[in-house]
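One structure, as structure tokens, below. Some questions next.
As written, the chain order gives the labels A, B and C, with residue 1 at the start of each chain.
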Amino acid sequence: MFYGDSAAVRDVTLGVPRGKVTAIIGPSGCGKSTLLRAINRMNDLIRGCRATGRLLLEGEDVYRPQIDVTALRRRVGMVFQKPNPFPKSIFDNVAYGPRIHGVRSRSDLQGIVEQSLRRAALWDEVKDRMRQNALGLSGGQQQRLCIARALAVEPELLLMDEPTSALDPMATDHIENLIAELRGTYTIIIVTHNMQQAARVSDLTAFMYVGELIEVGDTSGLFTKPVNQRTQDYITGRFG
Amino acid sequence: MTTNPSIAPIGPGGAGRLAAPRSLLLSKRASRLRRVLALLGHGVLFLIASSSALAVIFIFFFIARDAIPFFRLEGFKEFFTGTAWYPTHEPPVFGALPIFVGSGLVTLGAILVAVPLGVPAAVCLSDVLPFSVRQYVKPVIEMLAAIPSVAFGFFALVIFTPLLQEHGGRVLAGVWWVVATPLVALLVFVLSDVVANWVVGEARHRAVRVLLAVLMAAAGAWLLFDVGGRFAALTISSGTNALNVSIILGLMALPTVVSVSEDALQAVGRELREGAYALGSTRAEVLVRVIIPAAGSGICAAVILGVMRAVGETMVVWMASGNAAQIPQPWYNLLAPVRTLTATIAGDMGEADQSAGSAHYHVLFAMALALLAISFVCNLISEQVIRRSALKNE
Amino acid sequence: MRLGTRKVVDRSFTGLGIFSIALVSLALVILLTPIVVRGIGAVVFRATIEHDRVLMEHFERGNASTFAARNATAIAARAPVYEMLTAYEAQYGVDDFELEELREALQRLLGPAPDQSKPTLARDQFGATRWAQAQEAAHNVLYVQEWDYSDPTQFGVPVDVPRAKRFAGTPLESLFPYVSEHLDEMLQPHWTLYWGFLLDDSLDAHMFGGIWAEILGTLYLTIGAVLFAVPMGIISAIYLVEYAPDHWLIGVLRSCISTLAGVPSIVFGLFGLAFFINTAQVSKYFMAADSTGVSSKSILAGSLTLAILILPVIIRAAEEAIRAVPRTYKEAALSVGAGKWRTILTVMLPAALPGILTGIVISMGRAAGETAPIIFTAAVSVGRPLEVWQTLTQPTPALPWSVYNLCTEHTAADEIRHVQYGMVLTLVVLVLLLNTAAIILRARVSRRLAG
């Protein structure tokens, strides 16, 4: 991945197993988010950003010119660092994706919304105020709403870009539990600079440093017996 | 958190209500179609977006098209240097110099009103007043900007003109007293202090200081009374004159001056302010020595935009400038009636023979072309100035 | 400088700023007070019986029985005046210049004499409709203005001489004290609230009646301008924010927008005349084939001219509003698979809407108040309220133009000051209402973006 002439991420080869939670850790500015956003081509929005190499989703290179980006993004959901609900009602937030993809009937939409909110463990808290503005929810609720919104288009892969960094510990706990529940159903890639979080929620962990993938392995293995010296230094807190 | 029992792990697509995900790949045809459509959409958008550029080109073209016949018929020399404007005589005389002078004079007058009022107001808005007061002051300035020009013109003609004509001297003297008294008092105070320090140094010669202050105060009072008396003795034979228009135009240009200079002042970084305060300067010193110089080019742009507003204004000058195409004697005599470019266009178009393409008709377009050129140049300069200051502040 | 002096300078510097703001506010008050006070006087004023008569005869409004009662009293009170005139005529004949003058002054006050045939012009059919006018008219009955040239070093000075002097010793001598004493009974002054000022047509070039034609014309022009400018403005803004590449052409485009914003309004007027009317002849397409008006003013041409004038305002406001939409909204929409257009239409524009509306409302105020662009393209001095379909081909009176026209070119500009003030106030209120709406909208936007 390049921004202008400078390479932000290079020489990354990483396999993400289906149904597992993969965490990407590393110090700030190491290219974690860039890598994550490359997967559903959100980097296309940034002027002067280009990619070389191949990025395969189910065997298909997402950077081929014939790729339908909207279809790609439907199959690859994303949750952002800061909760970003639309300034609309809770219902409309979740129904936004399905509506775009052609669901018109009211009852179908209601079913999808309820199901998504249940999966995001938010249904019981908001079921009586579906018509209220989503910006009235608390930060943690907003983030779960964003997860529900991503789930409503039934993606296979869910990208989470530091989903708890803007939340308080209680809300973080909620989200982490939710990730644990979603494991197995969805393939999840989560970027975090909180190593404890990576250790708690992920099956696989990848460590990145200055745009390069240093080490990848089983979460328990990586945190207890890192192979690379820099990984060792990072997880023991020498830098970062 | 207790697990919500109602969650059943459902696989992707399990709900079955959404259509199955499409293949990631588009067919060759669909892909090409999509690219063509995107390009087409982009092109259409570009076309619509460039409509304003098109409008500018059209304006220049159509004004120039009707202006050129005039220069072909009458040439440039008389238009720009002649002092006689008799467009309906036989043969007509098109010396537009008095009209250019008139436009220049009222603009100058307007700037003399708008800048000394507007720049301190902007400084006050951006650096002095607390937010709670500012909230109420800004709408006042915005109201001034919103009032239609014909309402200003109406005020100038129906209310201000008779006032000037009947009580001209007293009105001017009143304004002088209100404006000059605080300024002279301040000047006396500062000057006496500065002179005292210069004469006796830092030593505390109380008697000398008091004496100097009294002397200065006397001089100041003499100045106030003398000039005030001169103003009061003036009689204004015609209320529709350059002064009337200048004051009103100044008020109209004021909101532009205030808001653009305020933006410029706000753009000066916090660090600069804090640095200067940290050196022990008072607020006035920070403003005068640091912030206003840093915002200088922005304030310049504000003045240029104010000039544009004043030059281009039609209704007020048409109604209240007297519409006499003569160069005031002496040239800075604001009490003389004048005629401006805009008022000439507005007023003469009705008389000029449109269909036959007379020189009188085309000369008005020539004036519009001159106006257009003035505003274009002013605009370019202010844009450059703003861009440069933006670069500097980064 | 000593520290004390520095402090005083500091204080007075602050004072200078506050002083200038105070001066500006004072100027605004001085400007608006007479307009507001006398403008309200166009609607709330002491009316005379003649005002009721205008309403009854031309607008078929008013309480018939009250009017009949008042009219009867007034006629009874006026009868002696006409009796005295008849007596004078019987004695001295009708061919008398001074009598003629007196009759004219009386007609200004009371309307035509009962024995006179109905005049053609509406302004001669009625006396003074407003008590203030009536007092002035009464003064003109009682006094004659003469010029005093007794001091040869000075210009002549006007002096009021009692008219009674001229008629001393005739049956008319007692007319003057009678008029000044019975003015109330003859004209029946009473406070009235004349809403019709806003909603009535004008009668005989604004001598009587209201300003509905002007208000309607202004509304048509404003709405027309917004209809043309808003879609183009918003689309331009979307292009500039979301699509425009970093290219020198875009720089030129931006320069053009700011140039357009700086073009003097009178030049827009000339352009409208040269392009929309003389070249494109926009109204020709909507005229009947046999009509002769090839190129004439129309609301359509005026609206188009105004639309170009407000286009840069709308583009800038919309651009700013769209830029202010948080990037995260866009990312969220794209991340669930919305296309670019869909993102703009369903997320960006709704979020930017209040800001865009603010710009639209401000530009409406601008379009409503502009005079110079419509002088040559749409405005006429006298006209009736138009139907919507007529806007394509017909010119219209409009508030800003009529204000100018009535106070500079009307034959009786001094007598209809109240109409002028009423128009100015209506225009100012219209524009300030729009701007207040914009300020409120903007406050709501900033509150929402803050919280």
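Just so we're on the same page, contacts are C-beta pairs under 8 Å (C-beta built on N, C-alpha and C of every residue); 3 or more make two chains touch, one makes a residue touch a chain.
Nothing here was measured: the structure is a model prediction, and the numbers come from that model.
Student: Give the chains in contact with both chain A and chain B, ordered by label.
Tutor: C
Student: Which chain would you call central, comparing Cα centres to the global Cα centre?
Tutor: The chain sitting closest to the overall C-alpha centre is B.
Student: Relative to chain B, which chain has the most distant C-alpha mean position?
Tutor: A
Student: Determine the centre-to-centre distance between chain A and chain B, using the mean Cα coordinates as centres, and give it in whole Å.
Tutor: 52
Student: Distance from the CA centroid of chain A to that of chain C, rounded to the nearest Å?
Tutor: Centre-to-centre distance between chain A and chain C: 61 Å.
Student: If you average the CA atoms of chain B and of chain C, how far apart do the two points sit, in angstrom?
Tutor: So the centroids are 25 Å from each other.
Student: Mind pulling the residue numbers of chain C that touch at least two other chains?
Tutor: none
Student: Could you say which residues in chain A touch two or more other chains, in rising order?
Tutor: Residue numbers touching two or more other chains: 71-72, 74, 101, 153.
Student: Going by the contact rule at the top, pick out the chain B residues touching chain C in the complex.
Tutor: Listed in rising order, the residues of chain B that touch chain C are 41-42, 45-46, 48-53, 55-56, 58-59, 62-63, 65-66, 116-118, 120-121, 123-125, 128-129, 137, 139-144, 146-155, 157-159, 178-179, 182, 186, 189-190, 193-194, 197, 251, 254, 282-285, 287-288, 305, 308, 311-315, 318-319, 342, 345-346, 349, 354, 364-365, 368, 371-372, 375-376, 378-380, 383.
Student: Can you tell me which positions in chain A touch chain C when the two form their complex?
Tutor: For this pair, the touching residues of chain A are 40, 42, 45, 47, 70-74, 77-78, 80, 82, 84-88, 96-97, 100-101, 146, 149-150, 152-153.
Student: Using the touch definition up top, name the residues of chain C that touch chain B in the complex.
Tutor: Against chain B, chain C makes touches at 1-2, 5-10, 12-21, 23-25, 27-28, 31-32, 34-35, 232, 235-236, 238-240, 243-244, 252-253, 255-260, 262-271, 273-275, 278-279, 308, 311-312, 315, 341, 362, 365, 368-372, 375-376, 400-401, 403-404, 407-408, 417, 420, 424, 427-428, 431-432, 434-435, 439.
Student: Could you list, by residue number, the parts of chain A that touch chain B in their complex?
Tutor: 57-58, 60, 62, 64-68, 71-72, 74-75, 98, 101-103, 108, 111-112, 115, 118-119, 121, 123-124, 153-156, 173-174, 177, 181, 184-186
Student: Please name which positions on chain B make contact with chain A in the complex.
Tutor: Per the stated touch rule, the residues are 1, 3-4, 6-7, 9-15, 17-19, 21-28, 30-31, 34.
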